[in-house]
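Have a look at this one.
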Amino acid sequence: MASRFKQTFSDLGLGTKASAGSARALNKDGSFNVRKLNVPFLERINFFHSLVSMSWGNFLLLILAGYFIVNLFFASIYMLVGVEHLTGVEAGSSFDAFMEAFFFSSQTITTLGYGRVAPIGTLANIVAASESMMGLLGFALATGLLYGRFSKPNAKIKYTHHAVVAPYQDMNGFMFRVLNPQSNQLLEVEVTVSLSVKRKNSELRDYFLLELERSKVVFMPLMWTIVHPIDANSPMYGMDEKTLLELEGEFIVTMKAYDESFSQTVYSRSSYLASEVKWGEKFAYVYQQDPEGISVDVRRMDQTEPATLNTRARS
Amino acid sequence: MASRFKQTFSDLGLGTKASAGSARALNKDGSFNVRKLNVPFLERINFFHSLVSMSWGNFLLLILAGYFIVNLFFASIYMLVGVEHLTGVEAGSSFDAFMEAFFFSSQTITTLGYGRVAPIGTLANIVAASESMMGLLGFALATGLLYGRFSKPNAKIKYTHHAVVAPYQDMNGFMFRVLNPQSNQLLEVEVTVSLSVKRKNSELRDYFLLELERSKVVFMPLMWTIVHPIDANSPMYGMDEKTLLELEGEFIVTMKAYDESFSQTVYSRSSYLASEVKWGEKFAYVYQQDPEGISVDVRRMDQTEPATLNTRARS
Amino acid sequence: MASRFKQTFSDLGLGTKASAGSARALNKDGSFNVRKLNVPFLERINFFHSLVSMSWGNFLLLILAGYFIVNLFFASIYMLVGVEHLTGVEAGSSFDAFMEAFFFSSQTITTLGYGRVAPIGTLANIVAASESMMGLLGFALATGLLYGRFSKPNAKIKYTHHAVVAPYQDMNGFMFRVLNPQSNQLLEVEVTVSLSVKRKNSELRDYFLLELERSKVVFMPLMWTIVHPIDANSPMYGMDEKTLLELEGEFIVTMKAYDESFSQTVYSRSSYLASEVKWGEKFAYVYQQDPEGISVDVRRMDQTEPATLNTRARS
Amino acid sequence: MASRFKQTFSDLGLGTKASAGSARALNKDGSFNVRKLNVPFLERINFFHSLVSMSWGNFLLLILAGYFIVNLFFASIYMLVGVEHLTGVEAGSSFDAFMEAFFFSSQTITTLGYGRVAPIGTLANIVAASESMMGLLGFALATGLLYGRFSKPNAKIKYTHHAVVAPYQDMNGFMFRVLNPQSNQLLEVEVTVSLSVKRKNSELRDYFLLELERSKVVFMPLMWTIVHPIDANSPMYGMDEKTLLELEGEFIVTMKAYDESFSQTVYSRSSYLASEVKWGEKFAYVYQQDPEGISVDVRRMDQTEPATLNTRARS
């Protein structure tokens, strides 16, 4: 939809009011530096999101704990029903009996069913039949989540630690490099870069979408240098390092690509603060030609070397 | 496809004829207030849709009932074959025998197989072998649906209860706020707002697409105020509260976003009736700046305060 | 990509050479009336596609047959190893022994494992351990396909049996109606209609994309009448029923929508031959207004009534 | 985003610096001829990608080996705990005991659980309970990957071995043919063709996007001839076979389509070196008309016949 009200800045959903003071709005890892307060629990909670985004350690611990607790619960029920309704129980004490019930429960919930211990009588059988069904459903959720986490696309796009302002054609350009360190192919890679600066003598912030030399590539088998040429139309035109620092500039990068292994669209975000931009440096040349083809030295990704800026950009 | 016949209103698929009288066309929760009569059963039925969209309570009840009925069915078959073809059955009465057959069936369909009771002889074995295969297939459907429901993206976008007409720049604007109460990120959020009004002295309805200050944001970490500026091109230009009520106006909102947790596109719909629009009110400022960043007080989302409208809009 | 070579007709991938003579190119159900000859078997075969698109009857039969054959195979192996390596076998004859081996195999492959019969000794145990692992993998494929088939989106869009040429504004229009008979919502519904006609005195065919009154709707809760206005730019301008029949005209319809239940994009295709177009008829009005909202009578979807065509279209 | 800096060539993500010397940048099978050196292991590794893209043989071998090793591991633990804690073990030697433990482990990890051998006592039961849970989780990953690999869309688009430069209208055209050998439908098929040539007296390469007669088709039931008309705007204008060979030209083809069976977008890539282009040849006519419809002889896909080029293209 074309809008008569479209302005020269893109709204990142942060709003002109969303000044984070001196803190960054977007963290290096792509998470936001904002909080929503007083959201009612039932609206806020999203079990799937929580279970998919927690760490692997916590996830496995949660499954283990769940398995343990559910078995404790059913063992107690079998004790209530009476272990005499389980055949083959060998227990001298009631602790031994509880342990037998506990392990019988674990054999039931996993549908293992050795049968050394087995339920006899209606009540014990009802509990066992319910537990095995619950086990099938419960493990389906657990293993579905396990596989869902494992097969979740995560574009681990690597950004250079610093951006640079380097000479570009007869002017200068704001540049950084990105790389897909993995061997899976990213297709139709799109990038947008926005610059957020504080208004002078105000707490409000403005957002400017930066025009790029190239904002889309068909594939990205190597490193990609993203360039914003600082020409007369650029919001960075005439700015120098000191000004950008004073304005608390923050460059917000969003990338979007199709991941061929996962057959899904993936997103990546990062940001550069004014203090993470090196002025008058350019990125080192990292390509190498072998008889077998081209190679790129990823170790030298962040390497820069001094370069004299064209003066026109500051005129 | 550009069309020479494109008109200033967007068709929402409701049609100019689709006047619901005084009832709303789109309910608050995004469901439609329309019915299709006399659709043949076989064309209308969609098992997957029904099983995925029913309530969790009904879904779990259905699985439980299915499990019970299938076990009843197979228990009857084992009784027909004869319990003497099951080893280890301990039954004084034929009711006891049926119970043993029932629980043997449950141990077979879940592939639990304790073995205290086990089939012996060709016929009983054929039934058991079939039942265990059916169990694997049946539980695959049940657990697939369970996980499918659990992992189904549901954008729980929260809309303000009321929309407002508030001053905007040197004119007025139709505004409402939306928020993602959950912690998962929504990306590339798009919104469209249409106004449906009754034609004067007619039962027909016209649909107008409202131009928005901004119809797309890259991400939506905070609250987003959606604004339709009421300028001379707006169908609301010159309208006041009374007129909108007389025309039985209904604002239809559709949102679309990419949900990063679910790696899928999600949709959300809602509507505002003329009676749900507050004229001469503006939304309260809910942002707060902390040392750690920005926060927004969601409890105050719906809060409005009086604001004097610019008169130009009524001129 | 804008092309300097773009022409007024859209290529449907059928090509100008692809004249099917008097046969239709696209069948009513959306399948194509074309064949590819001499494709090497290994290039042609796509197990997943075959297993997903075969009928439910064949699919279930295939699973059953596979289950039977694999059990026959493993029963033979257990016989070779010797039934004396299975405990608990009760067999008077070697046929009985084979049956015991067969059912033991079925209990192993489903991981049922009653244990009345169990392997003893290295060789029998190796076979059983292999079989149970194969069973887990094999049933994972079978149940994955089962659920994949069940959850596969299939837009059962219903088209009117006939299209009509009816008066439209001050000219005429080519029209047909579509409906989603199910209760799941289709969003962002797009339609394209192409007309394929034979060149006069030639076997070649031309394809014309028809401009539509509206080619996209946001949602489609009711019936949608798709209209191609026959104005001076239309390839149907000046055509009458007889000409269209002589040119062996075929209208090719493709629809695309987002299915909210399945969270996926779905496609639908159909076609109207010249003989399936009623000239001088219009579709009956099928909307009804109740206190609760709008309803539409699907039974009367195909109903048409005579309507006098505007003459300008034939001038 | 429209860019003021957009140039006549599309960046394929290979960069002007990415000259592979005489080697091709893109292999016939769509893989890239580039390498990334010194990527830290933890950033490079993507288990899911590796497991999904390895060959079927290696994948099944890996599962088998994993199954074997895990059972070895648990058998050792049961030996440490002591086989006297497993009932029913029949072992003359400690090797026999280990084998019993090994097969007991296999019956536990697959949740088979015959029960001839069963754990007794707390320690053995803890190991068995843990193993069965691990088995459920581990097999969920293995079978999830198995099905994921099986259901992964792979557009096996077949390209002609050679491209041709053939007469096209009153000029010439660069042409090749593609075909979907399988019976599943590809929808909304898009193609882009780029020409990469070496700069004269330089190691750098330029990339030109070639304009196509048609870059998108709605469906592709038959063979599709992709044509780049060599008019005055073409980078190939005035080029002859010798020049293209000297410039080490490489045509890079990317295709994108929606696969109806898999309900997913699929991609395909290929390339033609200058030496794989036949000048002054045209593709043979392979369509056939039967009473039942059209058929195409795929065996003759690559067949070409001499054709006199129009001279204008070399003028």
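Going in written order, the chains are labelled A, B, C and D, and every chain counts its residues from 1.
The working rule: a residue touches a chain if its C-beta (ideal position, glycine included) is under 8 Å from a C-beta of that chain, and two chains touch if they have at least 3 such contacts.
Small disclaimer: the values here were computed from a predicted structure and weren't measured.
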Residue-number overlap at the chain A/chain B interface, same or different (half cut): different
Pair joined by the larger number of C-beta contacts - C-D, A-C: C-D
Centroid spacing, where centroids are CA-atom means, of chain A and chain C in whole angstrom: 36
Centre-of-Cα separation between chain D and chain C, whole angstrom: 26
Set of chain B residues in contact with two or more other chains: 111-115, 144, 192
Chain B residues within the chain A interface of the complex: 63-64, 67, 71, 90, 99, 103, 106-107, 110-116, 139, 142-144, 146-147, 150-151, 156, 158, 179, 181-185, 187, 189, 192, 209, 211-215, 217-222, 224-225, 229, 231, 233, 258, 260-263, 285, 287-299
Of all residues in chain D, those that touch chain B in their complex: 111, 113-115
Contacting residues of chain B [partner chain C, same complex]: 1, 3-6, 10-15, 17-21, 23, 25, 32-40, 43-49, 52-53, 87, 108, 111-115, 118-120, 122, 125-126, 128-129, 132-133, 135-137, 140-141, 144-145, 148, 152-153, 192, 194, 203, 254, 264-267, 269
